[in-house]
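Below you'll find a set of structures to go through.
Next come two complexes built around subunit A: one with subunit B, the other with subunit C.
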Partner chain A sequence: MEQINVVLGVIGSDCHAVGNKILERYFSAEGFSVTNLGVMVSQDEFIDAAIETGAEAILVSSLYGHAEIDCEGFRDRCLERGLDHVVLYLGGNLVVGKTDQTAVEQKFLDMGFDRVFSGSHNELTDQAQLLRDDIMASRNGKRHRAG
Partner chain B sequence: MMPYTEHIGIDIGSTWTKGALFLEHEDRHLELIERFEQPTVREDVSDACISIYQRLRAAAVTQDPNIGFSSSAHGGLSIISIGLVPSFTERLAKEAALSAGAKLVHSIAYRISREDIQYIEDQRPDIILFTGGTDGGNRGYILENARALADLKIPTVMIYAGNRDVAPAVKTLISEARNAIELICCDNIMPVIEAPELHEVREVIKTVFMEKIIQGKGLQRACEVLQSLPTPTPGSVFELVERLSDGPLLSADWGLLDIGGATTDCYTAVKDPILDQYEGIPVFHRGISPQRISRSVEGDLGMRLNALQAAAWAQRFGMPDPEGLRAYAEEVTGSIERIPLTAAELVYERRIASLCSSLSFARHAGSLRPIYTPEGLQYMQQGKNLTSLKELVISGGVVRTIRRQAPELLQQGLCEPHAISLVPRTVSLWYDESYIVPLLAHVRNADPGQVRQLLFEHALQKVDRHGEPS
Partner chain C sequence: MNTGLDTQKFTEERKTVLQSWPTGSEVDLEEAFAFHQSLPKKKVCSIRLQEALDQQVVLLQPRAGVALVDEHIRLLSFLQEESDLLPTTIDAYTRQNKYADAQKGIERSEQAQRSLLNGFPAVNHGVHGCRSIIEALDKPVEIRHGTPDARLLTEIALAGGFTSYEGGGISYNIPYAKNVPLEKSIRDWQYVDHLVGIYEAHGCSINREPFGPLSGTLVPPCVSHTVAIIEGLLALEQGVKSLTLGYGQAGNLVQDIAAMRVLKKLADGYFRQMGYTDYQLSTVFHQWMGGFPESEAQAFAVISWGGVVASLSGATKVIVKTPHEALGIPTKEANRDGLLATRQSIQMVADLSPLDTLRISEEEELITSEVTCLMRSVIELGAGDLAAGAVRAFEAGVIDVPFAPAVCNAGKVLPVRDNDGAVRLFDTGSMPLSSDILAYHRDKIAHRAKQEKREASFQMVIDDIYAISKGRLVGRPT
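== the complex of A and B ==
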């Protein structure tokens, strides 16, 4: 199968490493070529790595509740730096407290993420297939937008 | 087996050519037998080299001494490096060029513009080091850049060390265009982000220098007489630092500072370039891992040509009498032979040496930035940890003029406020007064432990202690 490169990491000042390792294993086992940047990754580091590796998707995790401030402007920054077609996923505990998850997800979709997995209820089942489909759609000039 | 072996090492500098004869005894003990120096003749840089060689041969007892020589005359080995992203391949390409001993003329990231091409043509570098992308990674930028480079109108050697998948396409683009580029492809400098690979590129650069560039540098005649091929001076010094830092030899983290008239070179060898924790607080490292052994060059810090640039920092660091220093710096700028004549001038000379040393270390060293996480304070490390550096050899013409007076290493870091600079904390300074570092670099097959001992025997120790940085 053709190689698909993706970049993975935990954004901001967040040092939760366990979920990050699980995601690396999951996506690697599903056939993706994963560059895992680990924890405490800045927006520019994600983008730098995506450019060098020719990544077609950036998978961003955030577990500590500050996703909004860390992710603000991520899509714009990708566009500014020449990543026109990159697929952006975001997942984790995105905000602090009990907030309506649909509203939370919508907020990040509006920010330019293609898919948002909020809360801790997500199991790894069909995300690899979703990602593959979204990357194919992006290659054909179509971007998946749930919102 | 002969009871002993002799080694001849010669270095051609742009002003002086130096040479030495070393004797390696049967028990591998190493001794400096003879040392000569002569001014380099600009029009024929081989001249002084051959004359020194003949004198050393006359002093030698054996018929077949080991011979090695290096040159930094005629601008050394000039390289323009090209990478993709500044924090990844652009940085690695620069690092590879510097550790091979190059004079890095310019570095380009992202797309190469028409102006960049014009600039490359004006600079006429000996080598263009072209990198970018992981294996299987970025293609678009690399191919576009290859197309731009294919139009270069100057004869040059190009080393391609980027994404392996596009190497055949790069080859086609460069070879099918009308140009005078000799293309050499080698392994990717960054096959994956986590594991940079600088070794092969470095070797290829050195081979290119030996085989293709010597002619333009006026070294042909020296090669014929010495029956040997030269290396760029900083390249052989880097190898020396490497040899003396292998395994058990690296008893203490150490460095070598070469303060020249125009530039200051800094080489460091440390066991752990990345900290796990700092004063009990966890440290995270970001970006490409720093190399255990590395070289940096400060093109704006020097004792003569760049004395003014160095002096300009004096005010910023709150040094006394900045006006007097400035006047002295103005006086010596560009006058290589000028030495301090009065006690006051000697103070200025030492101050410039301090600034060159401190600033080059401050730039070579990484930093820790405090990050306040939900788990409390943590540090983010950028660049190389030099806090463990214990010994520093200072080399260069200035060592003689400052007369063993330690250039005081300033602790002011150059990092952002609140960050902690990872410059050395307590260092023993050693002075290479007989300037043997570049010559000892050519003693290749001897026992590295003996080479290390000889180096430190011929240098003079002075301990300089200072407190923790503010």
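== the complex of A and C ==
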């Protein structure tokens, strides 16, 4: 299978490490070449790594509730830095407090993320295929844009 | 070096620390001592802990913290009735010394009329903001956080009147930081403990609580106990007098009771062996720190079980989870409900005389032997300096915390449950455990693998990490 490079990390001042280690193993086992930046990654560190490795997707985690502040302007920053086609995924516990997950997901989709996994999605089943499909669509100039 | 900080150097360092954010200028030690001395007994944490130790009851403490002072006071006032000790959980920006980001969070929270921060930014609110919390409440309040360099936060929090303070140079680095050298965090926490020692010397009691659960993910008791004992010793050297050592619930009743019982015994043993006699020692049990079920009913079952074990294991206090744990930060109602469920479960077993079974005493012996192996190695590596020993022990993987983000942690150790659900070592990394202990772990895991008709593997570890959130303790194959 063709090698696809992706960048993985936990954004902001967040140090939740467990899910990050599991995601690294999952996407590696599914054949992706994963650059795992670990915890506490800034937007620019994600983008630097994506440029350096030629990554076609950036997989962002946020578990501590500050995603609204940390993710603001991420898509624009990608565009500014020349990442026109990069697929952006976001997952985790995205906001402070128990709120309507659909509304939360929409908020981040509006920010420019291609897919948003809010709340506890602890089953890793078809996410690898989904990512592969989204990357293929993006190569063909189509952004997924759910919701 | 594990030695009391030099007064002159400490004084110089303080000036720099207090100048690192404008609110640092609000700290006046003499005035702070007077404030602490004026506090009624009911607001002093170590006094409340002593009552609990004497009466052999478990104190309940939630986690809570929001961006704005008034909102935070409202939250704690709401939780006060069901709590014995109150918290002030610090936001993640402050934990990383990003006070400008915290300021942005405060402003945006004011605009949005809801908290955009996951805790209380105490440095930004300053001594006066902290005082208004202490003044508004009737119970002791502790700072709970995860700050590798907590020097300024400690200055402000202690001057602000908090009488209890969580953290340590290892336990607030390994699970909470990525690139902070262990030498630096240990040194910065010696500053914290030294400052606490100065308050103690002026008759102001400040309880100190090393963070027991570490990564909160299948941490073997011997690993967290060794860290707790080292941090206790480092704190005592700087003049700390009231210590609460912690342990995170692993899930197997026998192992958890054994772990809590030996924690105090082992700590007392090492403290006395190293010449410390003048201290108060209590314990804290953390309800399950790993992933929770999304269903609130299932979450209540996990919480209640934690209450039962806290009581049966003789903990002095218990840190309470909420039914919203799977989704992040809880509403105040969910937080209170966690306390209510915990209180009920504790009171269902509080009158039971201590459980004595052979299996608990065997597990106590095992943990004692493991900690003895690890501590012996740390002491040898330090060659007379426990702080250096701790740094070298992490470098060598002698202490190795599973699933921790810090690069100074080896990260080779992998835990997995045995067939009874107790946490065992699947990959022992470089931890210097005796051959009979290693064989015991190997046999226990082999037994489970045989029962499940599969090899022990990383998949089994992942299954265990998610098992409780999916409704059971052990991650059996489906």
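In this text, the second predicted complex is superposed on the first by the 145 of 147 C-alpha atoms of A that agree within 3 Å, B and C clash if a C-alpha of one lies under 4 Å from a C-alpha of the other, contacts with A are read in each partner's own complex, and residues count from 1 in each chain.
Criterion: a residue touches a chain if its C-beta (ideal position, glycine included) is under 8 Å from a C-beta of that chain, and two chains touch if they have at least 3 such contacts.
Treat the numbers as computed from the prediction; the structure is a model and nothing was measured.
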Review point. Sharing subunit A, do subunit B and subunit C clash or fit in the superposition?
Key: clash
Check your understanding: Looking at the overlay, what does A:35 touch: subunit B (first), subunit C (second), both, or neither?
Key -> first
Review point. After superposition on the shared chain, which partner residues are touched by A:3: those of subunit B (first), subunit C (second), both, or neither?
Key: first
**Study point:** First, second, both or neither for A:93, with subunit B first and subunit C second
**Key:** second
**Study point:** Contacts of A:79 with subunit B and subunit C, given as first, second, both or neither
**Key:** neither
Exercise for review: Give one of first, second, both or neither to describe whether A:103 is in contact with subunit B, with subunit C, with both, or with none.
Suggested key: neither
Practice item. Using the superposition on chain A described above, determine whether A:64 touches subunit B (first), subunit C (second), both, or neither. Key: both
Review point. After lining up the shared chain so the two structures overlap, which partner does A:21 touch, if you call subunit B first and subunit C second: first, second, both or neither?
Key: second
Check your understanding: Can A:45 be said to touch subunit B (first), subunit C (second), both, or neither?
Key -> first
Exercise for review: Figure out whether A:54 sits in contact with subunit B (first) or subunit C (second), or with both, or with neither.
Suggested key: first
Revision key, fill the gap. After superposition on chain A, the stretch of subunit C among 183-191, 201-209, 255-263 or 309-317 that runs into subunit B is 183-191
Revision key, fill the gap. Subunit A residues contacting subunit B in one complex and subunit C in the other 13-15, 39-40, 64-65
Practice item. Would you pull the subunit A residues touching subunit C in the complex into a rising list? Key: 12-18, 20-22, 25, 38-40, 63-66, 68-69, 93, 95-98, 119-120, 122
Revision key, fill the gap. Note: in the complex, subunit A contacts subunit B through residues 3, 5, 13-15, 33, 35, 37, 39-42, 44-45, 48-49, 51-55, 64-65, 82
**Study point:** List of subunit C residues in touch with subunit A within their complex
**Key:** 92-93, 95-96, 98, 101, 104-105, 108, 114-118, 146, 175-178, 215, 217, 291, 294, 324, 326-331, 334, 403-405, 458, 462, 465-466, 469-470
Point to revise | Of subunit B, residues touching subunit A in the complex | key: 84-89, 110, 132-134, 136-141, 163, 190, 192-194, 284, 286-287, 371-375, 378, 380
